[in-house]
C-alpha cells in the first residue's frame, strides 16, 4: 500500500495550488473555487491520517465530513454575497473592488 | 533708659513707609508731614541711643529668630556699638536734613507721596544695614538700599534714561551681591554662624590665610558693587538721573558708603588677610585717581560731583586697605557732610535754573544765590581737603596711614588724586558761581535763592563741613571720634602686628616721617590744584580749550570716561543678547525638536498631514523624518483595499513564522 | 466508547440550547411580524439573551464536562460566556435603533447575532477541535452575513466579501494546523493531544508547523498583525453594530480559544509560542497605534485601536501564569465594555445623512450635548488607559504581569504605545470639545435602547475602574482550573 | 510497485492536473468543470483510503451541490466569453514564490515530521460506524452543524434575494 | 493617629466634586450662579484646610490625619490618605490658589462656564488627591486624573496654539507617568517577592531595601535595580518639574493656557514633580539617589542659568515667566539634591514661594491680557503712569520672584544655596549667577512694560485694578511678606519630615517609620517601635532641628555666645 507520505505530499501540492489560486484569481468565484481546493487538501490529510494512524478512531473521516458540510455552507453564503456584490459593483473582479483602503 | 529703643530707629521710617505707601493716594501733598516726622524722630532716638553708648555700653539683641534651619540660625536682631552708632547717626541726621530739603525740592511733583515713601523706605533699609547684628540681616538692608536706589533713580520712570539707569544700578549691584552672598556662605561654613559676635569670636589665624583671603575678597566684590569701585563703578554716574536729594542721600552720603562700613565691620577678618587688604588699598587708590581724572572734563555739574564721590570712596577704601578703619569711617562721616552739601548745592542750582545741569550754561550765580554759593565753597574746600575743614583731617589721616603701612604707590596715587580733586572742585566752583551768566535770558531773570526749607539744610551741613573734622578728628588718630570708636578696632590694632610684620621694612623709615610733614604735603598739593583751577577758569579761560585741542585724544578719552560703558555694553549686553537668542533658538528647535521629533516621526510614519497643529520641528529632525517618509508611506499603503494583497500578507506571515521556526 | 447523550450533557449545554431555541423561535416569529414593526423581535431576543444569562449563572463555579469530554463548562468558559452574552445584549440594544435609522426592515438580523453568540459560546466550551472548529465557523458565517447586511450599501457587500474570502482562507490554514496535530497525536481532543505531546516530540517540525498554522488561523480571528488587514475595511463597511460585535465579541472569542488551545493542548511548546506571541504582540500594538493616527474615519480608527488592544492582550499571554492570563480575561471584559460604548456613540450620531463615521461628525458635540460628550470622553480615556477608568485597571494588570515576569522591554514598548494611542483618541476629544458646533447643528439618535446601552457601558467602565476588586477576583477564579 | 501505487499516481496526477486547470484556466466556466474533476479525483483517493462513505459524500455535496451553485453564480455574474480579459492579478509572480516557499516548507515538515506508518488492516464497514459515531459521540457537532446550515441558508436567502424597491 | 476624628482629607478632596454636581445642576444661563457656586466650594475647601495646620503636630514625621481602608485587597491596594510636613504647605497652597484662580477668572472667562468651573474643581480634587495619597496605586490614579482637566483648560480656554500646547502637555506628562508606572510595578513586585506580601502602601514598600548592585550595563554605565527604578520615577517627575531637557512643554503650555490654568500649572502642578522626588526617590531609593546626585545637580544648574538666559530674549510675557519658572524649579531641585537639611528645607519652602510669586506673576500678566488681549512686551510701556497700583504690586511680586531679602523668594533661594554650598561651592557659585540673571531679566521685563513714556495709545486709558482683581493679588503679596520676614512657622512644621527623609537618604539607623501602621489601623501593625509618643520624631545626629515651633519671638535663639548682650549692657 502507498506510504502515508505520498498522500501528505499530494495534499501539500493541492493546498499550494489552491493557495495560489486564492492569491491570484481576479474572479471572486474563482477564489472560492481555490478555497474549496484547499479544503479538499485538508480533507485528504484527515482521511489519510484516519486510515493510517492505528489509534485514529475515524475521527479524521468525521472531521472531514464536517469540513465538507461547513465548506458547502460557506460556499452558499459566499455565492450569495458574490451575487449581492455583482448587483452593487457590476463586477466580481476583486481587484476592482477596493472602495475601502488606507 | 533702655537701649532697645534702638528698634525704633528703623521702625519709625518703616511706619512712615506704610502710611505713605498705603494711603499716599489720599495724603498726596501732605506726605512730607509723616515722612519728615518719622525721619526726625528716628534721628532723635538715634541720638538718645548714642548718648547711652557713650558709657561704652553695647547691645547685641536678637529680636526674633528669622531663619532657624538646622544649624543655620539667623535672628532678626540689632547690634549697637560705636561703629554702628556712628553710621546710625550719620544716616539719620543727614537723612533727616535731606528729607527737609526735599520738601522744597520735590514740591509739586506728581509722585510727591511716592518719593517720600521711597525715601523712608531707604532710611529703613539703610538703618537695618548698619544696625544688623548679623551678616544676613545686613544683606537684607544691603539689598533693600539697592532696591530703594533702583526705585529712586528710576523715580522719573517716564524718562527712559532714568529707568535704564535704575536697572543698571540694580543689576551691577547684584553682580557685587553675588560675591557678597558667596562670602556669607564661606563665613557660615567656616565659623558656623553669621552673627558678628560669634563670627569674630571664632576668628583665629590657625584656620590659615587662604580662607580669610577668599572670604574677604568675596566680601570686597560686594563692596565694590555697592560703593562703586573699579570695575563696578559704572552705575553711579548714571544714577544721577534720579532727583538730586536722592543723589545727595543715597549716592553720596549713605548707601554708597555701605561697602566701607562692611569692610570696617569685618576688620577682624580683613586683618588676617593681608593680601585682601592690599587689594582693597590698590583698588581704592586706583579708583580715586581714575574717577578724579574723569571728573576733570565732565560738563554735567552733577556728574562731576558723582565722579568726585567715587574718587572719595576710593580714599575710604584706601584707608581701610591700609588698616586704618577708623580713618576710613571718619572720612566716611565727613564726606557724608560735605558731599551731601555739594549735591544739595547742585540741587538748588539746578532748581533755580529749572533743571539745567550743564555747567557751560551757568556762571556768576553767586550774586543770585549767596547762601548756596558760600556753603558750596565750604564744601568744595572740605572736599579738596583744605585745612582746617572736615575733609582735610580725614583724608590726611588716610594718606598718612597708607604711607606708614608702606603702601607707597597707593599713597602717591592718593596725592595725585588730592591734587586732581582740588582742581576739578574749583573748576566746578569757578565755572558755576564766578564770572558772568552764560545761560539764556529767560532763566537769567528767574535766578533765585532756594526757599528756606532748602537753604537751612545747606547751612547746617556747611557748619558741619567746617567743624566736624576739627572737633572730632583732632588730634589726628586720637580725636574724640577715635577714642569713641577705638573699642571696636581694638582687635584690629592688636592684630595689626601681623600686618606690621608683613610690611615691617616699609614701616621703618615711615616711622620717621612725621605726620605734620605729610599733612603739609597734601595741603600743598591741594592748594596747587586750586591755584591751577583759578588760573584756568578765572585768569586765562582760553587755556582749557587750547589744552583740550592739544591733547585731543586724552581729552576725548576722559570725556568719554575711558569708554568703559561702551565696553561693558559691547561685551555684556550685545554679546549676551546674541547668546541668549542663540539659546532660545536652540531651545525651540533642537531640545524641543529632539523630543517632538518622535511624535513627528510617528506622524510621518502614518503619513498624517491633516494634524497641522503639530508642524514645528525642522532642521535635523526634519532630515530624519524625510528619510523615513518613503518607508512610512509603504506601511500605510499596505492597506491597499485589495483582498488578495491581504491574503498575500497572511501567507507571507505564515512563511515567515514557519521558516523562523524550522530553520532559525 | 459509544455513549448516548444524557441529562448531564443537556444540563451542561443548557445555556446554548436555550439560546439556539430563542434564535430559531425568532426566525419563526419573523414570518408573522408585521412590516416595519420588527423592534419587538429585537427586544424579544434581548429577553432571550437575558434568559440564557440566568441559566448560565447557575453554572457559576461548576466544572463539568459532557459529550465524552469534548465539551466542558468551566469557570474559564463561564467568564467568556458572560462577556459574550453581555456584549450580545448590548449590541442588540444598539441594533434596534440602528436598523431603524438605516431603514432595514429585516427580522433575521437578531437571530443571526444570536447564532454568532451561540458559536462563540460553543467555541469557548469546546475541549475538542471539531466542536471548536464548528463553533468558529458558526460565528464566522453569521458575521459574514451580518457584514453584508446593508445590501444596497456597496461598502457593506465589499466588507462581506473581504471577510468571507479571507475567513475561508484562514480557516483553511487553521484546518491544516488541526490536521497536523491530529496526524501527530491521532486525536482531536485537546487534553488527549496534550497527553500525546512529549519532550521528544516538541521539536517535531510537523508539530511546530501545526502550531504555526493554528497561530495564523487564530491570529486572523483576533486580528493580530500581519493577519489584521481585513479588520479596518470590514469595520468600515459592515453595519456599526456588526463592527461592534466583531471587535467586542468575535475577537475576544478568538482570543479565548487561542488561550484554551495553547494552554490546554500544546503547553509543551510554551517556550516556543511565547516567543512567537512576544513578537506578534509588539508588532500588533505598534502598527495598530501608529496607523490609527492616520485615520479620519472613526470606525477605521476604532478598528486599528482594537488591533492595538489585541496587542496589549497578547502581553498577558506572553507573561502567562495565573497573573498574566487573569489579566487577559479581565482586560477582555473591560475592552468589550469600552469598545462597545465607543461604537454605541458612533450609532448615536448616525442619523439620516450623517453616518457619525467621520471624526469631524463629532465636532462640537460638547456644546450640543455635554452629557454625550462626557460619555464619549470616558470611553476614549478608558481606551487610552487613563485612570480612573477601567481601561487603566486592565492595562495596569497586563503590564504588571509583564513586569513581574521580567518582560520589561515589552512593558516599556507597551506604555509608550499607550501614550501614542492617547494622541489619536484625543483627536476625537478635540473635535468634541475644542471645535465649535457647526451651523447646521448636530442631531443625535433618539433611540432609548441605545441610550440604555450607553448607560450600561459607561457605568461598567467607571465601576471597574473605581472598584476593580470583584472583577479581578472573578478573572482569577476563572483561570484557576485552566491547567 | 503494486496496483494501488499505479492507481494512486494516476489519481494523483489527474487531481493535480484538474486543480491546476482550476486555478489557471482562462474561462471561468472551464474552471468550474475542472473543479468537478478535481473533486472526483479526491473522491477516488478517498476510496483508495477505504473511505467510501466520505467519497460518496464528497461526490454528492461537492459535485452535486457546490459546483452547481458555482456555475449558477458564474452564469449570473460574469459576462460570458470572457476572452482576453486577464484572469490573474498583478501579484502572480510574488504569489508563485510565496506559494512555492510554503509548499516547500510544508513538504519538508510533513516528510520530516511523520514516521512511515503501517496502516492497520482495513476495518469493518466504516459507513455504519461513521453513522453510529455521528449519533453518539459526535452528536453535538452534528446538531450544531445543522444550526450552522440553518443560519447559512437564512443568510444566503437574505443576501441573494433581490431587494425590491420599497418606500 | 487622626487628630480630628473625621476624614478631613477625604472631605477636602471630594468637596470640589460635590461642587461639580451642583454646577451641573445649574442652568447654563445663570453665569453668576455658577461662578458663586465655584467660589463657595473653593472657599469652603480653603476653610476646611485651615484646620490642618491648626491640628498639625510638627514634632513628628509620622503621617497625620490618616485614613486607611482596604480597597483592592487582592493586589494589596489600600485607600490610604495621609499628610506630613512635606505636603502640609503644598496642600495649603493648593486650596489657597484654587480660590484665587476662581476669582481671577471671574470676568476673563465667559465662554462655557459650566465646563470651565467643573474642570477647575476637578483639578483641585486631583491635586489634593496626589498630595494626600500614600498608596502608590492611588497616587498614580490621581496623578493621571489631574491631567485631564488641565488638558481641557488649556485646550478649550487657551489662546493661539492651544490645541498643540494642550496635547503636548498631555502627551509629555502622560508619557512620563506611564514610565513611572513601570517603576511602581517593579518596586511592587520586588517588595512582594521579598516579603511575600504584595502591597502598594509606600511605607510598607520603604521597609525593604532594593538591590543596589549593578544588574545591567547601558552605554557602558552599570545600573542597579534601584537605579533603573529611580530613573523610571525620574522620568515621570522630571518631566513634571520640568527639568532641563524635558522642559519644552512648559513654555507652550504656560503661554497658551488661560490665566487660571497658568497659575495652577505654575503654582501646584510643577510642584508635584519635586514632591514626587522628595516623597519617593529620596527615601525609597537612597543609594540610587546618592548615585545620581551629580547628574541632577548639573541638570539643575543648567536649568537655572539656561532658563534665565532664554528669558532674556522672550517677547511674550507669559513665555518669559514660563522660562523663569524653569530656572526657579532648577533651584528647587538643586536644594533638594544637596541632601542636607538646609537644602531640602529650602527647596520645600521654595516650592511654596515659587507657587506664590510665579502664580502671582501669571495673574499679573493675565490682568493686562484681559485689558489688551496681547502679551507682547513691545505692546506695553509706561503703564505705571496709568496703573500705579498694578505696577506697585507687579514690582513687589517681581522682587519676591528675584529673591530680594525680606520677601519670600530670598528665604528659599538662600537656604537652597546654603545647602548646595555645603556640598560643593562650585555648584553654589554657578547657581548664584542665576540670581544675578534673574534680576536682569525681571527688571528688564518690568522696565519695558511699566516704565518709559506711555507711547502706545491703546494703553492710554487702561483702568487700574478693581476690587476683585486686588483680592486676587493682595493675599499673595501678604503671604510673600510673611514668609519673607517670619518664615519660622512654615519651616518649623516641615522639620521633622525633612529629617526623616534625610535620615532615609543617609541610611541613618535612627529612622522611625513615619507611618506606623499601629493597632488602630486595619492593615495590621508590623513594628510597634515608634507607635508610642517620643519615638515619633526621628533624631538625626547631623542636624538638631531648630528650637521648637517658634511662634512668637524666641529670644532664646542665640544670645548665649554674645559678650555684650542685652543683659550685659546695663
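Per-chain numbering from 1; labels A, B, C, D and E assigned in written order.
Simple rule for what comes next: a residue touches a chain if its C-beta (ideal position, glycine included) is under 8 Å from a C-beta of that chain, and two chains touch if they have at least 3 such contacts.
Note that the structure is predicted; figures quoted are calculated from it, not measured.
Path length between chain A and chain B in the chain contact graph, taken as the least number of steps between touching chains: 1. Closest chain to the protein centre (all Cα atoms averaged), using per-chain Cα means: E.
The greatest centre-to-centre gap from chain A, using C-alpha centroids, is found for B. Of all chains, the one whose CA centroid is most distant from that of chain D is B. More C-beta pairs touch across one of B-D and A-C than the other; that pair is A-C. Put simply, the C-alpha centre of chain B and that of chain C have 77 angstrom between them.
If you average the CA atoms of chain A and of chain D, the two centres end up 6 Å from each other. Chain centres here are Cα averages; for chain A and chain E they lie 67 Å apart. Centroids built from CA atoms put chain E at 44 Å from chain C. Across the assembly, chain B contributes residues 599, 636, 639, 641-645, 647-648, 651-652, 654, 658, 662 that each touch 2 or more other chains. The set of chain D residues that touch two or more partner chains comprises 89, 91, 95, 98-99, 102, 105-106, 108-110, 114, 133, 138, 141, 145, 148, 152, 155-156, 158-159. Within chain C, residues 1, 130, 134, 137, 141, 144-145, 148, 151-152, 160-161, 165, 169, 176, 183, 205, 208-209, 232-233, 294, 423 each touch two or more of the remaining chains. Interchain contacts (touch definition given at top) occur between A-B, A-C, A-D, B-C, B-D, B-E, C-D, C-E.
On chain B, the positions that touch chain C within their shared complex are 599, 602-603, 605-608, 610-611, 635-636, 638-639, 641, 643, 645-647, 649-650, 652-654, 657-658, 661-662.
By the touch criterion stated above, chain A contacts chain C in their complex at residues 15, 18-19, 22, 28, 31-32, 35, 38-39, 41-42, 45-46, 49, 53-57, 59-60, 62-63, 66-67, 70, 73-74, 77-78, 81-82, 84-85, 87-89, 94, 97-102.
By the touch criterion stated above, chain B contacts chain D in their complex at residues 642, 644-645, 648, 651-652, 654-655, 658-659, 662.
Partner chain A is touched in their complex by these residues of chain C: 1, 129-130, 133-134, 137, 141, 144-145, 148, 151-155, 157-161, 164-165, 168-169, 172, 175-176, 178-179, 182-183, 186-188, 232-233, 236-237, 294. Taken in their complex, chain C has these residues touching chain E: 366-367, 370, 381, 386-388, 392, 396, 399-400, 403-404, 408, 411-412, 415-416, 418-419, 422-423, 426, 430, 433-434, 467-469, 472-473, 476.
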